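What follows is a set of structures to go through.
Shared between the two complexes below is chain A, which pairs with chain B and chain C, respectively.
Entry: the complex of A and B
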């Protein structure tokens, strides 16, 4: 199947999907009669759920200010966790048949527990993903996967075969591969997609069935080279951070409007999500377990506590690779894993002579104008 | 409501014995290297005996933060950490220790005068993490490991969260049993790690001896606290906060048995003589949340002035060898795993709720104080759910205020006052109903 339309039309279509990120899943549920499981970002075995013929949907931070959610969580938790709770409190997540939290971040643990109270009818699951990288970690992660597989099977009432998992891995690898292809095109022609469009592409991939997304991407890749874009000179910028939640589009646009071109990123709603494929030959659960260690080598994650990885050095290397001059760090307010790392990143960048700007993103945006001035000053700075 | 500011909390006298042990411990630690001991940094659970058996010194991250704050030395490490870029929303224990680590690694800057505890603790030969129910724990140790230039061997015991999957509940069910086995296996690996580090076979006999002491101390503390089911209560949560050190970083330290025996005797004597922790106990409260070390005395007197006794808390009553009977000193790893897995931070919400309701029933609680420690999200995460459920299921009212464990700047005293008064007024109204 092929999606008709120009690159602009396809991208607009994806933007519509991400504006109402759960509508497609609701439609799919109605048409297929199957179940939908909501997952917290960032480390969950989507492939396993897909293999059970359940649609995994990554829960998204919404732009709505938190209101009903205030009754369930302190305001000093990160925007993603508070927003998901707020959505549940407002009834927006009632379509979920289940949800999965995990232990990689305490704020997700707590948010999952609140969802357990708010979404009484949904099945509450918990994925145990041991941190670190010792000789036994791979086997421990595999064990965690076996446990969650058992729970998914109990929930769906069907056994998940190895063949089904392999097939899901293939579909998910294809999606990652197609998005990486877009990144390759962008690396040769950075104007072809702006950062907001990249985030939209990846965000849409998180909330609709992957095979459908693959079809859209295949079509996009065919028409993208014909896209007409104006090639303005600009400061080459790498954007880092924004764990779990997508960065605010306004902030991304501001960076580009200030005269920068975003040439690379390690955002979760960015390269982090697609960096690494899962081995299709290995025993599938072991392959997924290995993926957690592998992807962390490719794009280090501060939640994984793997001392063999080096996020600051990764950023410096990536910037060199992309010939980026400056780094913008987007840090979700109250995001502890990121806060623990920032001083090390800052020190390493200063040593390497790389200028950076730290932007703390609050869920409720206070003043965008003040931010614009800061961003402009940073981009213009010689 | 009329406030009798003259009333003061009647604190337990034997607390002084704890101070003596605490002083000894920190002095010992400062001189550990001179005395030929290897130094291990730890965070999270009280795993001191693992090191003590091998004659190593250990420093416990949270204990360190609390100690530095108790000696009013916390400002400088917090400032230096902030200067490096650690955000003030980060766990304040971690921030405080990271500041101290900066002093140890990079020296004290010329423009600062820093207290001895904050600046004289030796650098580590190894780091051992054993953190329950908080992802910030291992992340904090990783930050320390990086600050020391990634040269320090680091062992992380992963404590799986006891979520309560498939019907598993407190100390029972398949999830619980699998997790006990998993933690036990990691302890065996930890012991191999310590053997390698020290270059000597592990001293199992000493370890078992120390665990026998731990069991005894754990039991004495639980028994003494249980005596506070009496009305009026002979001691308060603020007293028990002091007694955390002997079951936390001082676990199995010489003198801890005597210390707990003394407190138990003192509590018994108070019961016999009808002496209470607050002069005129009218309300019995529960402290939900982590302790606020720079406000301990202030809080104890504040509640006493309102005729309120905080009799129990999740922090004190649901951790630190709270299941001593599970420990078999001859074969202690499983019992250690059980105590650690079933501690206050590591239990999924439904289990936490059930445990907390039990404590509220056991201690005849009228109201709950929810201390929303701003930088300890692990503790604060279930407060709203707990408040709602206690009110609905047990008709227990609660009040909430923000604070912190060692960063005083998060307190607004007027808000704390107003919230406490409002809670007590509502309890008054309820009593007169």
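Entry: the complex of A and C
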């Protein structure tokens, strides 16, 4: 892939990668002779898998309507889980040597079970990630990491050394840091990257080797400040939600076309993915365990059920920090963790006098024109 | 009609304002509407044209009719705002604004005290909460299907063989309460056909249809919060059966303006006037006119 070039060229290359999100992994597999493990978003120790010289790939929601997968999963489950199952049923995930499910969301538990049926040749692993934030949680998560490390070692046939994990943590931290630098540049000049481009950058990071992505980001950071963009005044908007699946590009574009500038986000395919580094000094498994608690302080996740963090308050604080005037909430239809928190978010926002628009994203989009009217009317509101 | 709203009119002379004309066009899914307004916030003329299907031709007819009735040319218009489903299609419009903002503004013009606007159009329905200046405070929109909209009523009227304009009055003659349980246009149509087959009167069936629509709109109202007084706009407001059913379901009385269909176009013309006045004021002080971009 062409790594150098103008910002536009680099961004176009990344967009090509995310259009066919698994092609790079297949290529890598052929060239390296190594294995690929598919992960559900959002909470898996990618660093541990990387340390085993296996490529972790975060499975993505595709734009295709769910057809073959319909036979295996309920229509009232979230788009991401239904889409991943559909991709497996259509044979698109046959390149995976293994996959990892987990227990942070019931729909991922179920989807993992179905993948076990559909991807018979792939090794099925399960990451137990205790929720909450009690005195015992850190030790409990570390134990879960030890268990999954053992499973990865059995799968790869090689022991994973602490030094290898540390090196992977460094590479992943670098990736997060470089993307956060992009966010810093964007905070000074919000037009420099639109929200679709930000999502593309982060989505591409999830599906290609991180060291390669770091090289691309380093080039991008060199040329980005010279990028010519038109700076049209607009309503400053913060975008929240879209757990697991990337928001539909059409919706992001509609927000910006309606006269808004997206100045911040807590999307999984956004700041949520890169908010927090892993401590490089601590014992590596404990450092990864601590990361689950730390990142939740930075950007609270509804699946973590952490009573010490407050997502609604985080949103209010972020709005102030980014001087955002309005909030758009993108909620994947049937995403239970998000639906569970929404009433509290709504109440807190109303109390704080922050206008918000809730957009329920269905996997199969129904009426984009009506949605455009809702978004435009929301932006027009005084 | 002279507005009683608090929207300020910039200080240019009354004579100058009278010669300042603006046009609002509302290109909906079933009808096209046009309203011409003068600089003193008076409606000069208006026109409604039924669409066979969404077409620029029908919008042009509505616009030409309004211009002819006012004795004006398109070139006389100082500013044009388009709204409605097809709002971005018209290159001659200076700006496109959503029907949600336009219905709020138009409703505020005809009924400044209104705090909730219920707009049921051809293809969707909206509930809008408005402030005393006609600004949108909150809104909810049924955007998933045509259930409970003008198109839904057309299908039902056809299934019963009753003219659309007659179904409202006829439903008020209902004596026996029936229930339509499905709001899906296709399923509801078959329910209606089976009720006909069972020998129920058209009046009873229509009353049940209107009640079903009212229940659905009440759900939308719940999302926004009911604030009184309530005004109803859009073509379906002409159906007295739906209005009465809604009043019963919500437990409030509803005001229906004389021309509920033109409220969106009226709001668009009012927005156009705001822009035109701001532009002429800025020209007076030699700065660039705002809002002349085309969305």
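By our rule, the second predicted complex is superposed on the first by the 380 of 382 C-alpha atoms of A that agree within 3 Å, B and C clash if a C-alpha of one lies under 4 Å from a C-alpha of the other, contacts with A are read in each partner's own complex, and residues count from 1 in each chain.
To be clear about the criterion, a residue touches a chain if its C-beta (ideal position, glycine included) is under 8 Å from a C-beta of that chain, and two chains touch if they have at least 3 such contacts.
All figures in this text were calculated on a predicted structure; none of them were measured in a lab.
Once chain A is used to superpose the two complexes, chain B occupies space next to chain C without a clash.
Between chain B and chain C, B contacts the larger number of chain A residues. Chain B and chain C, viewed from the C-alpha centre of chain A in the overlaid structures, lie at an angle of 80 degrees when rounded to the nearest 10. In the superposition on chain A, contact of A:334 is made with chain B only, not with chain C. Of the two partner chains placed by the overlay, only chain B lies in contact with A:342; chain C stays clear of it. In the superposition on chain A, A:114 makes contact with chain B only, while chain C stays out of contact range.
When the two structures are aligned on the shared chain, A:374 is found in touch with chain C, with no touch to chain B. When the two structures are aligned on the shared chain, A:382 is found in touch with chain C, with no touch to chain B. The least CA distance from chain B to chain C in the superposed model is 7 Å. Applying the stated touch rule to the two superposed structures, the chain B and chain C interfaces on chain A have no residue in common. Chain C makes touch with chain A in their complex at residues 85, 97-101, 124, 135-137, 139, 141, 143-144, 295.
Residue ranges on chain B touching chain A, taken from their complex, read 84-87, 89-91, 94, 133-136, 138-140, 142-143, 145-146, 150, 154, 156, 158, 160-161, 163, 165-166, 178, 182, 189, 348-350, 372, 374, 377-378, 380-385, 388, 402. Those residues of chain A that touch chain C in the shared complex are 259, 366-367, 369-371, 373-374, 376-377, 380-382.
Residues 71-74, 76-77, 103-107, 109-110, 113-114, 116-117, 125-126, 128, 130-132, 134, 136, 140, 143, 147, 151, 154, 302-303, 305, 307, 333-334, 336-337, 339-344, 346-347 of chain A are the ones touching chain B in the complex.
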